[in-house]
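In order of appearance the chains are A, B, C and D, and numbering begins at 1 in each one.
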Amino acid sequence: MSLNTFGHLFRVTTWGESHGPALGATVDGCPPGIAVDEAMLQHWLDRRKPGQSRFTTQRQEPDAVEILSGVFEGQTTGTPVQLMIRNTDQRSKDYGDIAQKFRPGHADITYWQKYGIRDYRGGGRSSARETAARVAAGGVARAALASLAPGLTITGYMVQIGPHAIDRARFDAAQIERNPFWAPDAQAAVEWEGYLDGLRKAGNSVGAVVEIVASGVPAGLGAPIYGKLDTDLAAAMMSINAVKAVEIGEGMAAATLTGVENADEMTMGPDGPVYASNHAGGILGGISTGQEVVVRFAVKPTSSILTPRRTVTVAGEETEIVTKGRHDPCVGIRAVPVGEAMMACVLLDHLLLHRGQVGGNRGRIC
Amino acid sequence: MSLNTFGHLFRVTTWGESHGPALGATVDGCPPGIAVDEAMLQHWLDRRKPGQSRFTTQRQEPDAVEILSGVFEGQTTGTPVQLMIRNTDQRSKDYGDIAQKFRPGHADITYWQKYGIRDYRGGGRSSARETAARVAAGGVARAALASLAPGLTITGYMVQIGPHAIDRARFDAAQIERNPFWAPDAQAAVEWEGYLDGLRKAGNSVGAVVEIVASGVPAGLGAPIYGKLDTDLAAAMMSINAVKAVEIGEGMAAATLTGVENADEMTMGPDGPVYASNHAGGILGGISTGQEVVVRFAVKPTSSILTPRRTVTVAGEETEIVTKGRHDPCVGIRAVPVGEAMMACVLLDHLLLHRGQVGGNRGRIC
Amino acid sequence: MSLNTFGHLFRVTTWGESHGPALGATVDGCPPGIAVDEAMLQHWLDRRKPGQSRFTTQRQEPDAVEILSGVFEGQTTGTPVQLMIRNTDQRSKDYGDIAQKFRPGHADITYWQKYGIRDYRGGGRSSARETAARVAAGGVARAALASLAPGLTITGYMVQIGPHAIDRARFDAAQIERNPFWAPDAQAAVEWEGYLDGLRKAGNSVGAVVEIVASGVPAGLGAPIYGKLDTDLAAAMMSINAVKAVEIGEGMAAATLTGVENADEMTMGPDGPVYASNHAGGILGGISTGQEVVVRFAVKPTSSILTPRRTVTVAGEETEIVTKGRHDPCVGIRAVPVGEAMMACVLLDHLLLHRGQVGGNRGRIC
Amino acid sequence: MSLNTFGHLFRVTTWGESHGPALGATVDGCPPGIAVDEAMLQHWLDRRKPGQSRFTTQRQEPDAVEILSGVFEGQTTGTPVQLMIRNTDQRSKDYGDIAQKFRPGHADITYWQKYGIRDYRGGGRSSARETAARVAAGGVARAALASLAPGLTITGYMVQIGPHAIDRARFDAAQIERNPFWAPDAQAAVEWEGYLDGLRKAGNSVGAVVEIVASGVPAGLGAPIYGKLDTDLAAAMMSINAVKAVEIGEGMAAATLTGVENADEMTMGPDGPVYASNHAGGILGGISTGQEVVVRFAVKPTSSILTPRRTVTVAGEETEIVTKGRHDPCVGIRAVPVGEAMMACVLLDHLLLHRGQVGGNRGRIC
């Protein structure tokens, strides 16, 4: 997990800026013989694509992915898979008037301080467009998982927008694809629509909480002490733009539980231990238990807003800023497919690591 | 950040089990010429040491650290610093009766499934004793920071035990060292004392929330995209035993804020931008802003409790378990010095990375 | 140094196959503010380009490099620099008749055994075309070195083809660019021309020895014990296609020297120690001395030859093979610019590492 | 392969100085369930131990290894194995008179320039004593190979001392353990004895060439492009003290061969391809062929000699130096077990990598 690369054996390096010629991902360590093609990756990219509703940025990009290497006659070869997405809709003039001002809550000030580079065209490397490359790489990871861990599924959805959370009693996975928010609760989707319309008209934005669940994860994945499955998931999710917190299982609520409450009691089923609950989120001591792996993360509100905020310029003058551009009122919405992609990459990586280092599960309960 | 090592340039590899001959840390990448001695490291270890109050494990160990390499005539040489702590109080008989049973919420079941090893003597590698090695390594990091970033301070404290949070209005840093909970709120400490006494007598345990703040952190630290400062902090904290969530700045609460509220507005001060608030927790786009870096993490309740819980045995039989041993009623208390140590390691690592990759801050606001 | 990536802080990941759509390099860790453009990189690529004489492959490719990211307004930004070279002259029909046979001395058999992939179109990932990506990345490294270590120069040349070595007494650096062999000895170039013409007509090929010298390298580069400067140079050069040996300074001849002969005696000059000789090749204990860094490597003869050799097929049948294609009679010739590129990458990497870990040289001799 | 660690999945970090309290190796990534004990490791250390003949340093150390972690009830647990060797015979007064002078050909000058540390007690981190830790770690690797690749054997021996090479026609593996030089040629051993006695009396030293052969290596090991098996072997061997060159198979001689000569022709045997020769040294395209893996390396003469050499002091004064201490007249002798240990580590590492990334060989020839 370092710099522009994540992963140990399945290593993804993303590259590219929001307004450069292209962006993409160099995917190294995918096992050979996995069926991968551009249509398969495009499927996942299309789910993340901007401009699909009035609740995400109106930037119109096909986000068409091109496989430049590592796939031969429809199968991975074991060599690096290079994925490229051309940037096509680069209305950089939109950004011209903010070239000298720093947006509060935005990375342009810290990139400037660190690198002395002012890519005023729309975030440059810190733009959420970088996450398109992650989604493409995640598509490769999903293809490999389909082959190496059949039955493993990954599902992401929104559980909260601003102060409005879903009602878990109404949870219905079938709803997730039926609304522009990935809401598993149809009623919440209706509420969010009104709430976000109001915010958008007011030139404001809001945060969100995304949950990613993987089921069918084999027990035994995770490399203690510093490559724990939850450690790597925390890093993977925290690396997504605008994420400010990551929870596993009970997450912050674990602080309020007693040991008696938090114990996931076990009985014996036909195929091994059966857990009465999943406070742990499917991970104990950094290693998967075989239960659902449950991760949540909080996304802060989009920092580019139409409401004026006080700030300073590169020249050190005090001023106000209004960010016009084409921004998501709730950037958390587009983070759902990104979180899924990160989960896929982390799980595949640990599957390969476990295969290499241990060679299969060694302890049985029987 | 991989396996038993964390860090990019300042790399710490911990080793050892709770009931083996010794445990320790191999610290690689410490710059040369840093004044380090055993007394200095012992100071930090003594803060974490068990058995200091009735609220932490009664295991009695001096936790005396020995420097085996990398320091010559009181200074680091630039070569690996090997830190060893002998295990002395290994009452492994306490664990004998649970050798065949898995503790709910404990790593023994996943270690067994993965490795086929049952170190019944008290957690083995997954024991919280491993964190002593982190605290020793953190002492080396603090020494280097004192030299390379004078003025940088790191302070950890407890902000919540079970449902009882501190009152921020009563925050008093001077209190932190005056009670056994690292509470910055004297009244909360009194409440926690009664609450924990009750839990302990009931054979129960509880979770907690720890906050670590670093001030005096220079702007510009953090290596986007996957070595962001917050990414590495999330990984570092999540790798601590029993941690289930990590927050930066507003953390989960960022989901409930609007963009207008969340914007940390700026004005111009004599030495650069002055922020009106710190929702970001001192990090934008993965790079430090120069404000306080604020991290919180939730620790789940100790899973080894005296209240019987249903579980299974290695042989697959259903049974109940009561864990006698000498366990912390709130393992979160001892996590405070550990979180501080991880913060020190991550900050030093990024300071070195920044110096290597960029060579000093390049952009000025003036 | 792992898998498809080399380097610690200046990290180069190459990707692509000889007959896929494109190949390239993802260059991560280049410091910001370095002047880089496509013309500058093209200069180095043109030196390596095939088809420039009858002594290298007749494949005709412009090898035009495109910068897809990491450079803004003519300067590096500190983010990944993606370099892409489209494959244009892919006469894969040439290879059709050898699709089932393994070339003796060629990687196709081991790639098949490992990956189960038979990229019969011309070597796939194991083709020497991969080295074009290295040369492009090396161009970025050279640009950074020009800024960070002014006065540092890197020069590669051929010292031996088959049994014919240069005469060191005739060494003339000005000759290197004046013949198709990078020979620093005009007379050797004439001899080699006749020798290679004979081999080419006979459907044969031959090996070579390349020497790369860096002067102006500051003392203090190299990270003992396993990131020594010579260790990393050995790995870098051995990773080049067809290289079978790497020497530093005296190299294999060091075995025949006595300690008295091998001692590079020192006297004191105005700017520090002056060495009477350079048996060490500019590296002691893995750290640069400030003398010239001297590396040599042996390249085996091209394995694709027109002379029939006995081999087997994928189906396990015994047969003979003649490789038509368009191959280099002496692949060592094109290895000269590649060796230079690797030297540039390793030196820049260690310069950044040293800056990060040590922060400048700490010991003076005065 | 970085800094004080080598290996990708089987990662060995050595630590310690020649005259500090102890040195050792942190071995991370050893698979669980491997039988390892101290006696087994001691066997390998005893082969490298100094003071066994008058041709190696007269330093007398038991080099007793202690396993501090990672082994439970005689088996590896999958967690880091910490190996410690106490330094016991530290006659540092021997070095007192050279505390201010730099030995020509020795690392003390470059360590000084880089780190500003003068560990005058005998080489500090750059001492060949560090290789004891490698040999111990190599013992763990051998134990794992015995389990995962039964039939794989590793044999190291001396092929040349000074100008005197063995006669390959007299090669007899049974001789290797019967003379103090690891010579596979009894007559060469007699010659070397006389030759080295002469050098020793003259206060001189000499270089050597060591060859390490692994047989029974499965086809398919090696991770192109930058983690090639030969790349990692080159790095591993070059990282050994005093090594100046590494050869695979034909090595430097490959430069003199034609393609017709160099082709390792194949016929079909009952179990797959049979090679008529092994110019490649068992590696094609960075991947093992299943033939013997053959590596050679040249070791320069010991730089600490009794013959006066011109040098300078820390204060910049010109002087002469005579190094008394207890040094090996031919440090190459003790490098034989070290080279074997490195071969074991690299092969195990690639076996685990291959298992993780590819999951077993995928292509058959039948």
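Of note:
Basically, a contact is a pair of C-beta atoms (placed from the backbone, for glycine too) under 8 Å apart; a residue touches a chain by one contact, two chains touch by 3 or more.
Just so it is clear, the structure is predicted and the values come from calculations on it, not from any experiment.
Comparing the residue numbers each copy contributes, chain A and chain B share more than half of them at their mutual interface. The chain with its C-alpha centre at the largest distance from the centre of chain C is B. If you average the Cα atoms of chain A and of chain D, the two centres end up 45 Å apart. Between chain A and chain B the centroid-to-centroid distance comes to 26 Å (mean Cα coordinates, whole Å).
One inter-chain figure worth recording: chain B and chain D are separated by 39 Å, centre to centre, where each centre is the mean of the chain's CA atoms.
Counting only residues that touch two or more partner chains, chain C has 3-5, 14, 29, 32-33, 78-79, 114-117, 125, 224, 358, 362. Interface of chain B with chain C (complex): residues 9, 29, 31-33, 78-79, 224, 352-359, 362.
Across the complex, chain A is touched by residues 1-6, 8, 14, 102, 104-118, 125-126, 130, 160-163, 199, 204-209, 219-220, 222-228, 230-235, 237-239, 241, 244-268, 272-273, 276, 279-281, 283-290, 298-305, 307, 309-318, 332, 354, 358, 361-366 of chain B. Taken in their complex, chain A has these residues touching chain C: 3-5, 11, 13-17, 20-24, 26, 28-29, 32-33, 66-70, 72, 75, 77-82, 84, 114-117, 119, 124-125.
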